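Okay, so chain A shows up in both of these, paired with chain B first and chain C after.
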Partner chain A sequence: MLFLQLLLNGLQVGAIYALTAAGFALIFGATKIFHVAHGTAFTIAGYVFLFAWRAGWPGWAGAAAAVLAAMAFGVAMERYVYRPIQRHEGSFFTVFVAAFGVGIVVQNVIGMIAGRGFATVDTPLSFSAEILPDVFVAPMLWISLATAAVLFIALTVFLTRHPAGVGLRALSQNPDLVRTYGLSSNGLSVLAFAIGSALAAPAAIVTVMTTGLNEAIGHQVMLISIAATIVGGIGSLRGAALAGMMLGIAESLALQFVDTQWAEAVSFLVLFGFIIFRPSGIFGVVQTR
Partner chain B sequence: MTAFLLNLATLAAISGILASTLNFIVGYAGIFSVAHAVFFGLGAYGGAQVALLLVPDPFLACFVAALIAGGLSLCLALPALRVRGEYFVAASLGLQMVAATLFAELKPLTGGIGGLVGIPRPEIFGTVVPVLPLALAALALILFLTARLQRGAFGRTLQSIRDADSAAEALGKNVNAAKTLAVAFACAGAGVAGALYALHLSFINVESFTLDQSIQIMAMVIIGGTGTLWGPLVGAIMLLSLPAVLSFIPFIPPTEVGAVQQIIYGLAMTLLMIFRPAGLVGDQTKGRSTS
Partner chain C sequence: MSPASTDGLKRPGQAQAPAIQALGLTAGFGGRDVLQDVSLTLNDGEILCLIGHNGAGKSTLLRVLFGLHRPSAGTLRVFGEQPGQHSPAAMGAAGVALVPEGRGVFPDLTVEEIFGLALWSAGVPKSGQRERVDEVLDVLPRIKEFRTRRAGTLSGGQQQMVSIGRALLTRPRVLLLDEPSIGLAPKLFQDLIRPIAALRESRGMAILLVEQNVREAFAVSDRVLVMRSGKFIFEGAPSELDDHAKLMELF
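The block that comes next holds the complex of A and B.
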């Protein structure tokens, strides 16, 4: 029964990882920007929801505010940090350092405003009930799984059916050709950042309502997103989401053998193994070094 | 006040070693490691165990630390040979996270979260010596070696690998050996810094060897200027004196000094990358850091 319990916990964590990783992979695939401040969008969304909840807003209003805040942050990053750097042909490391700096600033500003340490909101949805002997499940599990599934289907439909979605895929394949055909690559980049960052918001809200978050959680989210994107194969949204789900389940199932402190290390061991033995990931095309 | 300044100078020298050695692989070899604190930690634990179990001889401690850190640098060299760019940064992030867990959990070797306490003061021929002259000597040695290597054949090989590794290989340079050696040199240097740090503070725990520390070392290199000899040193001194300067500013509550300091260096990293990507000391005519 312990196994089943851990598996269910893993599914919930995995749903959160899958959503953030899909957002990261969408941004990286379309714009080739290694958006390490993705975890910061997650943190911002989580705290906006937290403050809205404490201010007595209804849940849907708080959620909408969180999504808007994450989108605004992503778009602002694209507009004011990444684009100026890319204008003078900065290397990927320049982009990485700049985004990391933003992450540090936001983390500490939030720490000063909201206080340090874990914060959470209590709802009836996060109370666990015994569904099988010794197996406890909160309604949040089904909600987070359903949210992840619905959003993922919506994203797939958007990318395959809607002209803007097709444009995003074109941007990831050949940015020069996109410009040649008269599409605005800047506009598409902004769109990628808006959608990608918005995907972090539901994950953040689920986290606030279950395990809670602290001001430094962005680091961990960013690391997991990067890990899932690489394990899944860069350029593959499906791969990133699947790998995120797998990492969540692996972290949870590993608890059967090791203590909780090791859970995070499990994800990074998987990542390290993939980078050394199969850098192209599960679904990735083999890239030249 | 003198004790305070001496302490600051010692820490600045140690950070200077860390920043210079990281700069060696980032600036000259193009290996963007965010796991430098791992090797700092390995050296610190190695040096501390030598002092605790054998003799508090600083030279032996530094030697053992360099050996351990340099040997285990293969963990970093291996992904550096396989992948580069974003992939390598991700691999070094992974290494950093796993190592921090190991440092916290391998209690017999590292003392866990509680750390190692009561590390004896360094002694040379039976007399207790302060760490400052040792750290300054090590820093001078590292800077000298870096300058020599940079101008010599090895440094040129590294820079050619950084700029075009296929071309370097076509010219008959052994790319893998050069990368491995560069990483081993940098990590051994970080190990020496770790041993000196352990002897100086007589107490170490995992807090000093986490991702935050790696990022801070990286910030020193970036703010000073990658690929320059003096840039990392300037960056190290600036970042280390920042908390001291801030504590003299009256309107910042003491509990927030740490946060304000982090905000300042985060902002500095972002703004420098946007407006002055070569760093403070870097060559502005190039206008960009090398990729």
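The block that comes next holds the complex of A and C.
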């Protein structure tokens, strides 16, 4: 039964990883910007929800505020950090250090405001009930899985049916040609950051309501997102989501053999395995730029 | 070249203002001027062929005319009006479309997705989209055979057809074509260019055609400009360059 319990826990963690990884992969795929501050959008969304909850806001209002905050952060990063760097033809390392720096600043500001250490909210949704002998599940598990599934389907429909979504796919293939079509590559880039960052918010909210979060959680989220993007195959959104789910389950199942504090390393062992044996990832696509 | 010295073939009903009038355009990259004080007039309903060596500045000129590259000096008017901004969106709104060099399609998108993207970017409402697509399919009927396929799986000629079809969806009054014959057999290029050239008659569309494939391009053109090192060095009727020696001398 321990296996089933860990698998179910893994599904919940996996849903969180899948959503954040899909957001990171969407941004990276469309804009080719290695958005290291993606974890910061997660942290901001989580704390906005936490503060809203503590201020007595209804859950839906807190969730909406969290989504908006994540989107605003992502768009601001694109507009005020990445775009000026790219305009001056800054290198990959400039982008990396700038984004990492923003992450550290936000982490410290949140630490100053909210205090250090784990914070969580109490909700009946995270109270577990015994569904089988020795197997406990909280409603939050089903909510997380349903949210991840619905958002992923919505994202897929958007990218294949809506012209703006098709525009994002076009941007990932040839930004210069996008301009020839009369479209604004800057506008599409902002859209990619808005949607990609918004995807981190539901994952952050689930985290606040279950395990809780601290101001440094963004780094872990970012590392997992990168690992999932590589394992899934760079350029593949469903690959990133599937890999995120897989890493969540792997981390949880590893608890059968190792202590909690080592679980995170399992994701990276999986990543190394892929780098050695299948470097193109699950759905590796050949980039045609 | 004097900007006023361009009279092509005047047609009844031709608008007074030229389709494109560029004065003193200078543009370049990294401090090096690729275009030097270039002036050009493209009359409404005219097909103007622009030829020249690689690196003469032809593609840069088209990119400047479409708002993709900002000139350091000069003015640009489309049908007598100065576009509000020097951007592809503003040029598109003014009725200009560019078919870029190479394959102007996104390899992972289907032909239908590419057309949908073009219609969306041109702000065509859903209700009018069908009519626009049918118009293009009338001009380039072979596109019907591969509408649902990904552009990357199409042949060079088919991709070029899609690229031109995409530009026609915006109902341009000025079409800028950058070396559409690259990689195509001469017969294929003829099949492609003739229906486009015919649009000049039916819709009064002006076409600026950049080409290396001189023989085929001259067959449909009203006037020829030869460019060298960022300047025009010849302007005249295609028949004036029938003499092979003269053409070689200019090149």
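Keep in mind that, in the parts below, the second predicted complex is superposed on the first by the 283 of 289 C-alpha atoms of A that agree within 3 Å, B and C clash if a C-alpha of one lies under 4 Å from a C-alpha of the other, contacts with A are read in each partner's own complex, and residues count from 1 in each chain.
The definition used in the following text is that a contact is a pair of C-beta atoms (placed from the backbone, for glycine too) under 8 Å apart; a residue touches a chain by one contact, two chains touch by 3 or more.
These numbers come from a predicted model, not from an experiment.
J.: Just chain B (first), just chain C (second), both, or neither: which does A:184 touch?
T.: Only chain C; A:184 stays clear of chain B.
J.: Classify the contacts of A:175 with the two partner chains as first (chain B alone), second (chain C alone), both, or neither.
T.: neither
J.: Identify the partner contact of A:59: answer first if only chain B is touched, second if only chain C is, both if each is, neither if none is.
T.: Once the two structures are laid over each other on A, A:59 reaches no partner at all.
J.: If you count the residues of chain A that each partner touches, which comes out higher, chain B or chain C?
T.: Partner touching more chain A residues in the overlay: B.
J.: Should A:226 be classified as contacting the first partner (chain B), the second (chain C), both, or neither?
T.: Once the two structures are laid over each other on A, A:226 reaches chain B alone.
J.: Return first, second, both or neither, reflecting whether A:167 touches chain B, chain C, both chains, or no partner chain.
T.: second
J.: What residues on chain A touch chain B, complex-wise?
T.: Interface residues on the chain A side: 34, 81, 84-85, 88-105, 107-109, 111-112, 219, 223, 226-227, 230, 234, 259, 261-262, 264-265, 268-269, 271-272, 275-276, 279, 289.
J.: Using the touch rule from the top, collect the residues of chain B that touch chain A in their complex.
T.: The touching residues are 26, 32, 78-79, 82-87, 89-91, 93-95, 97-98, 101-102, 104-105, 211, 215, 218-219, 222, 256, 259-260, 262-263, 265-271, 273-274, 277, 287-291.
J.: Please name which positions on chain C make contact with chain A in the complex.
T.: 66, 68, 88-89, 91-92, 98, 100, 104-109, 113, 116-122, 152, 166, 170
J.: Residues of chain A touching chain C in their complex?
T.: Within the complex, chain A touches chain C at residues 163-164, 166-167, 169-170, 173-174, 177, 179-184, 288.
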